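First the structure, then my questions, so here it is.
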Amino acid sequence: MPDERAIRILEEKVAELRRMIEEGGLELSQELEVLEQRLQQLRREQYAKLSDWDRVQLARHPERPRGLALVQKVCDDFYELRGDRLGGDDPALRGGVARLGDRPVAVLFHERGATPAEQRACRGGMPLPTGYRKAVRIMRLAGRLRLPLVSFVDTPGAYPGVEAEAGNIAGAIADCLATLLTLPVPTLAVILGEGGSGGAIAIAACDRVLMLENATYTVISPEGAAAILWKESSAAPQAAQALALSAARLRKLGVVDGVIPEPVGGAHLDPQATAQALREALLGHLEELASLAVEELLALRYSRYRNVGIRDAKAKTG
Amino acid sequence: MPIRRDSKERYVEVELRRGEETLWERCRACGELVFRRRLKENNYICPKCGAYFFLTAQERVVALIDEGTFQDLTLPLESTDPLSFSDRKPYRDRLREAQETTGLKDAVVVGRGKLAGHPVVLAVMEFRFIGGSMGTVVGEQLAHAMEQAVEAREPFLFVVASGGARVQEGVLSLLQMAKTVAVREQLARQGVPYIAVLTYPSTGGVMASLASLADFTLAEQGALIGFAGPRVIEQTTGQKLPPGFQRAQYALSHGVVDAVVPREGLKGELAHLLDILQGVPSA
Amino acid sequence: MPIRRDSKERYVEVELRRGEETLWERCRACGELVFRRRLKENNYICPKCGAYFFLTAQERVVALIDEGTFQDLTLPLESTDPLSFSDRKPYRDRLREAQETTGLKDAVVVGRGKLAGHPVVLAVMEFRFIGGSMGTVVGEQLAHAMEQAVEAREPFLFVVASGGARVQEGVLSLLQMAKTVAVREQLARQGVPYIAVLTYPSTGGVMASLASLADFTLAEQGALIGFAGPRVIEQTTGQKLPPGFQRAQYALSHGVVDAVVPREGLKGELAHLLDILQGVPSA
Amino acid sequence: MPDERAIRILEEKVAELRRMIEEGGLELSQELEVLEQRLQQLRREQYAKLSDWDRVQLARHPERPRGLALVQKVCDDFYELRGDRLGGDDPALRGGVARLGDRPVAVLFHERGATPAEQRACRGGMPLPTGYRKAVRIMRLAGRLRLPLVSFVDTPGAYPGVEAEAGNIAGAIADCLATLLTLPVPTLAVILGEGGSGGAIAIAACDRVLMLENATYTVISPEGAAAILWKESSAAPQAAQALALSAARLRKLGVVDGVIPEPVGGAHLDPQATAQALREALLGHLEELASLAVEELLALRYSRYRNVGIRDAKAKTG
C-alpha cells in the first residue's frame, strides 16, 4: 500500500483541524473540507489498487466487523444456542436463532472474541471439533423447524492442535458438510473476513455464497502456500495473488454468487454501513430461495456441488 | 517425505519408491539393499526390517483385486490449470512431471473388479501424483466412481493416500470436499455400502470430507490419519505430540477407524467384510 | 432432599415447601422466617438469602402463563398400580397421599395458554408428587401434551422437575422413556418447536429421554441436571465430585443446555425465544 | 436356593465317580447314571421354584453366556465396528455387522469382558456416553444399508460416574432412543442377562423384545430399590419380587414378546444350547419382520411405544 503514509498524514491533519475547530472555535471548516476531500480521494485511489495481499490484511484487520457484534447488527434479534450436547461448547463457532426481516432463521458464525480473554478462548477464531458438532446440531434444528440457515464465515481455519485431532476434527468437518449439503431448508453463507480452508467450508457449502469485497476464501493461507510451494515465507504476497482468494476472482470463477461492496478503505471504517449492505443482500437472496420448493432447492444445490470444477477438468483422449 | 519410526507400531516406516525399474532397492528405514522381486512378493514390506514402502495406485489394485477382473473406469480427464497457477514452477510443469512419473493423468485410479469374488467399484489414490492431492480432476473421478457404484449397485471401495486439497487449484480444490460429500450422500440414500481404507497419509481436505464418511473404515497399519499435519501442529501450537499421534492405533483408540490391519491382511479383511455384506445393496 | 449450597452458583438452595397455608415460612437455607406473601411476590426466592424454594406445578403455570389464558388439558387419568406394588407402604397409599398433598392425580399438569402473548402447549412436572417420577400416567400425559402441540401447531414447553422413572411401576415406567421419545419425534417431523426448561432436579429416566431432546434447552439457575444422582455416583465409583457438578452452569459448560436463567428472568427469556420463533411452526 | 447344598454335593460325587471311571478304569457307570439322574432331578426341582431373586443371581452368574462370545455363537459371522467417530471407543458397548442365517444384520451388544483386564476396561458392563454414541453410529449405518438391527442386552446400567455425566450420558441414551425408534429397518432386542434401566432400554426399544428365561429387565436394581424404598439393603429379594423383573412377569405384562427357555439350571450350564435356542428365536422373528413394508413396520413400532402403559393409566372422572 504505497499511499499508506500520505493517508496517515492526512488523517492526522484532519483530526487536528477538527479538534481545533471544536475546542478553539476556530473558523477552519473550509480548510477541513479540502483536506477531507483529498483524504477520500487518496483512499479511493489506494483502494482501487489493492493487491490481493492488501486484501488479506484488510480481511484480518483487528477492527473488521465480525462475530457476534456483526450478527447482532445484521439480524433484528438473536438468541444464542450453546453446546454440542456431547460434552462441550466452543466459543469460536457460535450460533442460534434470529429474525432477519420478517423471517426466523438459524445462524452460525465464527467468533474471534471481543476481549483479550475471549480472544484467547476463541484461539484466534479457530474452532475445535466441539464447535463443528454444535454447528451440526444447529443445522439439524434448522432442518426440523424449517428455518433457513445463514452462515457468517470468518476463520483462519480449524484449530490445528492435539485436542482437535484427538476429537476427530476431520470427521467433525465432514459431518458438517454432509449435514449442510442435505439440509431441507435454504442455506446462505457470507464470507466476512477470512474463509480459511476446511474450517470455513464446513459451514460455507451453501445454496448461495456471498463475499464481502475484501474478504478472502482460500484453500490454504498465503503464508502456508509460500512455505510449502515457494519454500520461503516472504513469498506470501505472491502466493496470495496466485491462490485467487479475492472476492472478485472467485466471482469470476463462479465460486461466489455475489460480492458485497465495502465502504471505501474497508469494512472497519463503517461497520454499520457494512452490516446494512450485508443485511440487504441476505434478505434478497433469502427471498429468492424461499420461493423454491424443497425438492427444487435440493436439486439445485446438488447440481451446484456435483458439478463444481467440472469444466476445469478437461477431457483428453489417450 | 521424512522417514518416521514409531515405537508403538511395528510396521511404520514409509518410503517413496523410485519410479525406475531397478533390480535392487535400498530400504531407507534400515539402509539395507532389498531384492526388488522379493520386496514385491512381500507386499512391498521390507523383508529386513518390516518397513512399509509406498504402493502405487496400480500396485494397490493388483494387491486387492482378483487377477483378470479389473476394468479401468478412470475418465480421460486432466486439469486445465484453472488459476494459471505458478509458484517456483508452473503448475502445468508439475502436472506433466507427475503424469510422466506415474503414467496417470491425475492422482486417482477408478475401476471395477472383484475382490475375493465380490464385485466392487473402487477408487485408489496415487500419492506420487503431487502428494495425492485432490483438485478438480480427483473430485470428478471420485464422483464418477461413486456414481458407477450406485449404478452397478456394488460396494464402493476408496483407498486413500492423500495429503489434502491441491493448493494449485485454490478454492476449486476446497470445493471438491463438498462435491465428494454430496455424491457420498447419494450412496447413502441408495443403500450402497462405502468402505474406506486409510493408508499413509490420509490427512487434510480428503480426510475432512469423503474419507471420514465411510460406513466401514479400515486403517492400514502405520497409516497417518488426521486433519492438520504433525509439523503444522507443532509449529502453530508449540504442543509436544504424544507418542503414536495420528497413527492408525491412535485413530482406533480415538474412535476414528474400525480396525487396524497389516498390509498383508488387508485383502482378507475386506473379503471378510464383503462376505458378511453379501446381498447389500439389495437390487 | 438435603439442602445443598454451591459456591459457584448464587441461587442454589432448594427447599421443599410445606403444603399448609401459613403466614410465615422458615427458609431452610438461612434459617430466617420469611413472610409468605413476600416470598410469593419474590418468585419464591428467599428475600433474605436468595435461596430458591420449590415451585409447585400450579405456581410454575402462574409464573409463566399470562393471566386468564391457561386452559387445563390434563387428562383425567390415574395409575392402576399395574404391579400391585408394595414396599414398606403400598403404592396405592403413596399415590393417595401424593394426590392429597398436590391436588393432582399424578406428577404432571398439561395445559395450553399464552406466554407473553405467544400461544404454547405446556407440560409442567410436579416434584412433590413422588419426586416428579414418570410412570404410565406421566408418560401418557406428556404424549397427550405433545399431540396437542402438533394439533394446535403451537410450540411445546416442558418444565422438568423429576428425579427419574417411577420405581413402583417397574419396567412400565422405564418404557415411558421410549414412549415420550417416540412422540417427540412426531413434533420433529411436524416442525413443531420444543423448548425444555430444566429445574431442580432434572435427572434419571426423564433426563435420559424426552428432557434431553428439546430444540431449545434452558436451565433454571441452580438446577440439578444429569443422569445418575450425585450420591449414587459417589457410592458406586468412590469419585470425589467436582465443585458445581451437575449444576446448571456445569451443564452449560458441558454443552447440555443453551442458557442458564435466574428464576425471575425465565418468562422474559422464553418470551424472547418465542418472539424470534414467531410463525414457527408455519401453518 | 434351598437345595443348593445337595446339588453341590451330588455334583462333586458325580465328578469323583467320573474321574475314578476314567483314571482307574473302574466299572461304576451304573452308579454314575443313578447319581446323574438324581442330580438332574434335583436341578429341575430347584429350577422350578426359582424366586425372582434367584433369577437375579442367575442373570448375573459370572459364567452366563453373554458378550462377544455369545454373539459369535449366535451369528454365523461377525465383523466388529469400533469407535463413535467423536473421539472414543467404549469396550462396554460393542457392535458390528454379522450374518444371521442368510441375512446380513447389524449387531449391538453389551460386553463385560473375558479377561480381568477387559472386565476392568468394561466397568462391569456399564457403558460410557461414547458407547451409546457408537451405538447411534451403528444404528444409522444399519438404516442406510437396510440391515435389520439385533441388540443383545446385558448391563447393570449406564456407568454412574463423573466422566459419564461430563459427556452427557443422559443425552447419549436419549439419542439412542430417538434413533432406534425411527430406524427404517426391523429392530430386535434380546435381554440376555441384566437389562438394567436406561442403560439397557437405550438399545432395547425395538420392534420385538425377547428375554432369556432367567434374564431380568428392570427400572432399577433390586438393591437400589431396597435402599430407596425399604431403606435397608436386606430387602433386595423382596424388591426383586415387587419389581416384576422376570421374563415370565414381563411376558404377562405384554412388555416382552417371547421368552427363550434356558437349559435346566441356567444358561451357563449349556451356552451352546442357549445360543442355538436364541438363534432360532431371532431367525423366526427376523423372518416375520422382514416381510413388512417399512411404513408398516414404523407404524407398528410407533403404536407399540405410543400406547405402552396406556391401559395402566385408568380414566377417572373428577
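Every chain is named by a letter (A, B, C and D) in the order it is written, and numbering of its residues begins at 1.
Here is the rule we go by: a contact is a pair of C-beta atoms (placed from the backbone, for glycine too) under 8 Å apart; a residue touches a chain by one contact, two chains touch by 3 or more.
Here the structure is a predicted model, which means the values were calculated and not measured.
In this assembly, the chain whose C-alpha centre lies farthest from chain B is C. Centre-to-centre, using mean CA coordinates, chain A is 53 Å away from chain D.
Centre-to-centre separation of chain B and chain D, using mean CA positions: 41 Å. Chain centres here are Cα means. That of chain A falls 33 Å from that of chain B. Multi-chain contact residues of chain B (touching two or more other chains) are listed as 212, 254-256.
Contacts with at least two other chains are made by residues 85-87, 166-168, 171, 175 of chain A. Chain contacts in this assembly follow no simple pattern; the graph is neither a line, a ring, a star nor complete. Two chains count as a pair here when they touch; such pairs are A-B, A-C, A-D, B-D, C-D. Contact residues of chain C toward chain D in the complex are 75-80, 82-83, 85-88, 105-106, 135-137, 139-140, 143, 165-179, 181-185, 203-205, 207-213, 225-228, 232-233, 236-237, 239, 241-242, 245-246, 254-256.
The part of chain D that touches chain A in the complex is made up of residues 85-87, 129, 133, 166-168, 171-172, 175. Taken together, the chain B residues at the contact with chain D in this complex read 188, 191, 193, 212, 215-216, 252-259, 272-273, 275-282.
By the touch criterion given at the top, residues 158, 160-162, 164-171, 173-175, 177-178, 181-182, 197-198, 201-202, 205, 217-220, 224-225, 228-231, 235, 238-239, 242-245, 250, 253, 255, 301-302, 305-306, 308-318 of chain D touch chain C in their complex. By the touch rule above, chain A contacts chain C in their complex via residues 77-89, 97-99, 104, 130, 134, 141, 144-147.
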